[in-house]
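Next up, some structures in C-alpha cells.
The same chain A turns up in both complexes below, where it pairs with chain B and then with chain C.
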Partner chain A sequence: MNTTILLFLLQDGITTGAIYALLGLSLVLVFAVTRVILIPQGEFITYGALTYATLATGNVPGTARLALAMGVVAFGFDLFAARKSLHARRILRAAAVDLGFPLAVLGLTMALAGSHTPIAVNIALSLLIVAAIGLFLYRIAFQPIAHTSVLVLLIASVGCHLALQGFGLVFFGAEGLRGPTVSDAAVTIGSLRFTGQSIAVYAITIALIVALWLFFGFTLYGKALRATAVNRLGARLVGIRTSLSGQIAFLLASVIGAISGILIVPITTLYYDTGFLIGLKGFVAAIIGGLVSYPLTAVAALVVGTVEAFSSFYASNYKEVIVFTLILPVLVLRSLAAPAVEEEKD
Partner chain B sequence: MSALLQVTDVSVAYGKVEAVRAVTLAVAANEIVTIIGANGAGKTTLLNAVMGILPLKGDVAFAGESIARHDIEDRVAAGLSLVPEHRELFATMTVEDNLQLGAFRIVKAVAAQSFERVYSLFPKLKERRSQLAGTLSGGEQQMLAMGRALMGAPKLLMLDEPSLGLAPIIVADIFRTVSELKAAGVSVLLVEQNAKAALRIADRAYVMELGEFVLDGTASEIAANAQVEASYLGFSHAEKGAV
Partner chain C sequence: MTRLLPIALFALAMAVLPLIPGMPPFWIVLLDNIGLAALVAMGLVLLTGVGGLTSFGQAAFCGFGAYTTAVLTTAYGVSPWLTLPLALIVSGGAAVLLGLMTVRLSGHYLPLGTIAWGISLYYLFSKLEFLGRNDGISGIPPLQIGSLKMLDPGSIYYVIWIAVLICALLSMNLLDSRTGRAIRALRRGHIAAESFGVQTARAKLLVFIYAAVLAGLSGWLYAHFQRASNPTPFGPQAGIEYLFIAVVGGAGYVWGGVLGAALVVILKEILQGYLPLLFGGQGQLEIIVFGIMLVVLLQLAPTGVWPWLTALLPIKPRRERPDATVPLLPRARSDAHSGALLRVDHARKQFGGVIAVNDVSFEVQSREIVALIGPNGAGKSTTFNLITGVLSASGGSIAVQGKTIDNSPPQEVVKLGIARTFQHVKLVPDMTVLENVAIGAHLRGTAGVFASMLRLDRADEARLLAEAARQIERVGLSAEIDQLAGSLSLGQQRIVEIARALCADPILLLLDEPAAGLRHMEKQQLAALLRQLRDGGMSVLLVEHDMGFVMDLADRIVVLDFGTRIAEGTPNAIKTDPAVIKAYLGAAT
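Here is the complex of A and B:
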C-alpha cells in the first residue's frame, strides 16, 4: 500500500476520531453523574449542526422555538416541585433560567439572523440554543425519575432520542444540509494537506479536553460533579443537589454535542437523523472505556475513527459493520474480567 | 420549649416493617445527647430519617422550623449534618477535595476558617491532605468524615457509630474531639455501641430497644441504671475481659 494513502487515511481517521472522542467523553461524564446512557447525544449533534447551517442561510431555526417551549414546560415542573415552599427567590430563579434564558436566546436569534451574520455569531447562537435544549431535557425527562434504575433511565433516554429526532425532521426537513467552513485556509506539509477545518477540529478538541480537565480538577462545581459521580449519597450529605449536577452534566454534554456537529457539518452533509449514528460511534469508544475511564475513551475514539477511515477505503459497504464489531471483543473481555455485576442501588 | 432539634412521634418503616416506632427526642443547643442500643435497635434508621435519607411519619423540627418534608440538601443548609455509618467519602478524591466539598454551601471566606479549624482538630488530615480518601486508614477515614461534616459549619452534628472498627486509642481521640466540639458550640447527637465511652462525654442519653426508646435521662442517671448496666455496660466489660 502506498504511504500517501496510508497517511491520508490516518489523518482522516484522527480527525473524525477526535470528534468521537469528544462525544465519548461527554457520554462517560453524563453516565457517571446521572447514570443516564445518553442516546439523545446524537440529536445534540444534529441540532447543533443543522441549527448552525440554517442560521448560515439567514433563517431562524425551529430549535430556538423548541428551546423556549421546553423552558415553559420546565418552568411548570419547577413550580410544581416547589409548590410546598413557594419562596419568591426560588421562583424568580426558575423563571430566569427556564423562561428568561430561552426567551433571550430566541430574541437574539431573531434579531441577529440574516445572510450576513458573522460565522462566530452563528456558532454562539447555535451553542446557546442547544445548551438550553440539553438543560431542559434533563429537567423535564430525567430529573423527575433520577432515582430510578439504569434500565428505566435508558428507556427514557431512547424515548427522548425518538422525540427529538421527530422534532428534527419537523424543523429541518428530510433534506440534508451543509454548513460553511470555519476557515478556508489550508496548509500542505509534505504530501498531506491540512484544511482549516481539520485544524479547527484538532484545536477545538484539544482546547475542550483541557477546559474539561481544568473544570473537573480545579473548580468547586467541577469537583461537585465528580463527587456526585463517586458517591451520590455523600454528595447530598454535603448539600450538593443531584439535580444541579445532572443539569450541569447535560448542559456540558449538549454543548459538546453541538460543537461536534458544527465541526462536522462543513465536512459532510448531515440529515435530521445522522447524529444518531455519529453518537453511536462515540458510544462505542465510551463502552471500550467501560463508561468510566476518560483517557481510555479518548484513545478508543481515535482507534474507532481510524478503523472507520480504513474500512471505508477498503470495504466501504461494510464500514459500519466493521466499526461496530469492534465492540464485541471488548464486551467479551469485560464480561470475562468482571463476572456478574449487580446494578448499584442508591 | 426551644430545643435545637425536636423529634416528635417519629416512626420509620421499611415497607411494612416498622423499624422505629413513635420516638420522641430533643437535643438542646450546646448539648451532647447519645442514643445507645443493641444491634438492630433502629438507631441508624432514626438518624437517616432525621437527615431526610428515609421518609418518616411524625415531625422533625430544627431551630424552631419543621423540616420533616425538606430534602437532604435543605436540611444541610439549615445546619444539620450527618456522619453516616458507612462514612460515604469521595474515595477517589483527595482529602483536601473532600473537605472543600464539605464546605460546598459555605461562602469562601468562611470555608477558609473551617479548613483551619478542621486541620487543628485533626492534624493527621493536614499531613495527608493530598492523599486519596479511599487509601486512608479506617481511623483517618472517620476523622475525614467528621472533618467533612464540620466544614459545613453545622449547628448539630449527628454521628453514627464513630468508633466502629477502630482501635481503642483512636476511639479515645475521636471522643475527645466530640467533647471539644461541644466547647466550640456544636451540638452533637451521638449513636454508639460503645455505651460506656458515650455516656462519659454525653449530657443526656436515650436507650433504644426494638425501635422504641425504653429509657431516657441524664448520662449519669443512665450510667447508674441497673438494667442498663446489665445489658450494655456490663456486656462491654465482659467483652473486654474476654478479648
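Here is the complex of A and C:
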C-alpha cells in the first residue's frame, strides 16, 4: 500500500466519519434526554437529503405535506391531552405550533419552489420541513409513552422507522437522487484534493459538536434536558417540562439528521431506504461512546468511518459485515465495564 | 387433561381446515406462512416476552436453518430429513456463540447488539460464495415421506403445523416448570432469583438457544417449502417483523405468538392486496400501516391481543391446587458446628470514597433472633448484601458455620443455608404467589430443561409446589395463593418474600424490614411466626425500624451508625445505651 492510497482512504474515512459523528451525537442527545433509541434517525437523513434534492429540481416535496398531516394529528393529541382544561390560550398555542408552523412551511415551500431557488433557501426549507416532522414525531409517537421502559420506546422507534421509510418511498420513489453541492470550490494539498463539500462537512461537524457540548455542559437549559433523562419525575418536581425537553431533543436531532443528509446527498446517491444503514453506523459510534459521551462518540465515529473506508478498499464485499461486527466486542466491553444496575421497573 | 383439551381441539380444527372442499389453495399457502412465522414468534415470546431479552436478530437464525439444509441437500445430496438435526444444531450452535456475547449485554445494549449481528449476518449470507450470494440457493428438494413428495403447500402444511403444535406444547411445559420459573424471573432483575440459586446467566443463554433453535426449525421448513433460500427473508427487516408479530399477539404468551403470526400475515396480505388499489402508489405501503399500527398498539394495548382475547372468555381456566402433603426432603445440612452460626469479622465495604460498612463485627448463634438496627444510611442493607454475596466485601471475612463465604456469588451463599428477603420487594408481579414462593425451593428441585419440556418433571415439580404451599400456609397467606403477587398489598408481598425464603429450608433467615407496611395485628403474627421458627432451630437476622417490634422480639441487638458498630447487647441494654440514644436522637450539648 502506498502513501497516496493510505492518505486517500484516511480522508475518505474521516469525511464519512464526520457524518457518522453528527448522527452519533444526535442519537446520544435524544437518548440522553428521552431514553429513545432513535432508529428513525435514518429517515431524518433521507428526508433531509431527498427533500433538498427534490427542491433543487423545482418540485414541492411530499414531506412538506407529511409535516402538515402530522401537525394535524399532533393538534388532536394536544387537544385530547388538555381536554380537562381547555383554555383558549392553550388551544391557540397548540394550534400555532401544530398547525400554523407546518402550514407556514408548506406555504413557503409552495411559494418558493422553482428551478431557480437559491441553494440556501432550499437548505433552509428542507431543515424546516424535517424539523417539523421530528417535533411532531415525538409528540405523536413518544410523548404518550414517555414513561415506559427503554425497550418499549425502542420498539415504538422501530415502528416509526418502518412508517417513515414507507412514506419515503411514496414521496421520493424507488429511484435514487443526488443534490447539488453546497460549494464547488476545491483545494489541493499535496496529493489530496479537498472539495468545498468535504470542508463544509468538517466545519459543520466541529461546530455542532462544540455547540452541543457547550449547550449541555454549561447552560441551564441543557442541564434541564439532562436532568429529564436521569429522572423524569424528579425533573418535573423541580419545574422542568419534560414533554418540552423531549420535543426539543427531537427537533435538534431531526435538524442534525437533515443537515447530515444535505451534506452527503451531493457526494453519494441516496435512496429512500439508505438512511437506515447510515443511521445505524452512527449508532455504532454512539454505542462506543456509551450513549452518553459526546467527544468519545465523535472519535468513535471517525474510527468507524476509517474502518469502513479501509474495508471497502480491501474487502469491499464484507464492508458492512466488518463495520457491524465491530460493535460486538465494544458492547461486551461496555457491559462488563458497567455491570447492570438492576432496573426496578419493567 | 383439561389443560390439553383446547390444544387438542385446535389441532383438530387445523387438521380439518385444508380438507374443507373449495378451500382456495392460496389460503393454505397463507396458513403455511402463519405456521412458519409462529414458530419464530414463539421463540421470541420465551426470549423477549417472558425472559425480557429483546432480539431483533431472530431472522438470522432462520437463515442458519435454511442455508444449512440448502447447502447440504443441493451440494452434497443429503436427504432433507437428515439435515433437520444438523440445521437445529447449526442454529443452536450459532446461538451459543452469539449468546455468550449477547446475553451478557445489559439493558438497551442487548437489543442494539442483536440489531448489529442481525445486519452483519444478513450481509454475510448475501456475500458468501457457497451460499450463492444475493441469488441464494435454489432447487432444494422437497420433503418426502415414502413416495409422497411434499411439493404442494397442502402437504407440507401438516409438517409445519405439527411442528408448531409440538413446539407450543414444549414451550408451555417449559414455562410451567422449575426452569420456567427461573426464566420468568429474569425479566424482573437478577438479584432475587440469584439469591435462591438460579444461575441467571445460564438461564438467559438457555432461552436464547431455545428461541434460536425454534427459528432454525422455521428456517429449515421454509427452505423446503419455498424450495429455495435467499438472504432477503433473513435480513433485519424480517427480524423486526418477527418482534412485531410477538408484540401484536402478546409477547408474554406462547399462543400470543401464534395469534400474532396469524394477524400479521393475514393483515400483510390484505394490505399488500388492497392498499395499492386504494392509493395506486408503489409497493411497500403496508409497512407504513405496520409501523403506525405498532406505535398505536404500544400506546393502547402494550400487552398484545392474546390477553385481551382470553379476558373475554367466559370460562376462566382453573388453577390446580398443589397437594400439600407431598413431602420434600430437607436440604442437606453440613455437620453440626460448635461455634457461631454466622460470624461477621471486620467486614468492610467501600463505594469509592464512601465507607458504607466500616469493619463491622458481630455473630449470630443458632436459635437466636438478632436485630440489626441503626438510623437510615447506617449500612444495614449493605451488610445484608455482603452476607448474601450480592455485593463483594472490600475487606474482612464472613463465615457461616465456620466456612468463610469469601465473596462467593449469591447462588453459593444460599447453599450454605442463608435465605433472605429484600427491603424493596423483589417478587415477579405477574406470577402467582405460589409460583413466586416456589422459586425459593429452586435448589431443592432437580428437574432439568429437557425433563421439563417433556413433562417428566411432574414428581419433582409436585414436591416443590407442595413445599411452597406449606410455607404459604405457614405464613398465613393460603387465601392468596393463586393471586398474582403484584396484586397483593405491600405488607403481604413482604410476607410472600418470607415464605419464599423459608422454601429454601434455611438455617439463617435474613429479613430486611419485614414489618414495614404491616398492620399491628399482622406484626404480632409475624413476631409469633419468627419466634416459632427460632424455637424450631432457625436463626433470624433482621433489619427493622419499628423499635417496639424489635425490642419485643430480638434476643440481641446490633446497632450500626455511619457504617460502624456502635453498640451490641440485649434489648434492655440497648435502650439505655448512651451511644445509641445519641445516634438516634442527637447529643445534648
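Throughout what follows, the second predicted complex is superposed on the first by the 333 of 346 C-alpha atoms of A that agree within 3 Å, B and C clash if a C-alpha of one lies under 4 Å from a C-alpha of the other, contacts with A are read in each partner's own complex, and residues count from 1 in each chain.
We take it that a residue touches a chain if its C-beta (ideal position, glycine included) is under 8 Å from a C-beta of that chain, and two chains touch if they have at least 3 such contacts.
Note that the structure is predicted; figures quoted are calculated from it, not measured.
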*Is A:170 contacted by the first partner chain B, the second partner chain C, both or neither?*
second
*Regarding the shared-chain residue A:240, is it in contact with chain B (first), chain C (second), both, or neither?*
first
*asked:* For the three-chain arrangement built by superposition, which of chain B and chain C touches the greater number of chain A residues?
replied: C
*Which of the two partners, first being chain B and second being chain C, lies in contact with A:84: first, second, both, or neither?*
first
*asked:* If we overlay the two complexes on their shared chain A, which of chain B and chain C does A:151 touch? Say first, second, both or neither.
replied: second
*Could you look at A:215 and tell me whether it touches chain B, chain C, both or neither (first, second, both, neither)?*
neither
*Pick one for A:317: touches chain B only (first), chain C only (second), both, or neither.*
second
*Could you look at A:194 and tell me whether it touches chain B, chain C, both or neither (first, second, both, neither)?*
neither
_Quick one: is A:227 in contact with chain B, with chain C, with both, or with neither? Answer first, second, both or neither._
first
_Sites on chain B touched by chain A in the complex_ = 51, 53, 69, 71-73, 76-77, 81-82, 84, 88-93, 97, 100-102, 104-105, 148-149, 151-152
_Which residues of chain C touch chain A once you look at their complex with the stated criterion?_
54, 56, 101, 104-109, 111-113, 115-117, 119-120, 123-124, 127, 187-191, 240, 243-244, 247, 281-295, 298-299, 302, 424
_Of chain A, residues touching chain B in the complex_ = 84, 220, 223-224, 226-227, 230-231, 233-241
*State the interface residues of chain A toward chain C in the complex, per the touch definition above.*
37, 140-141, 144-145, 148, 150-152, 154-156, 158-167, 169-170, 173-174, 277, 280, 283-284, 287, 291, 317-318, 320-321, 324-325, 327-328, 331-332, 334-336, 338-340, 342-344, 346
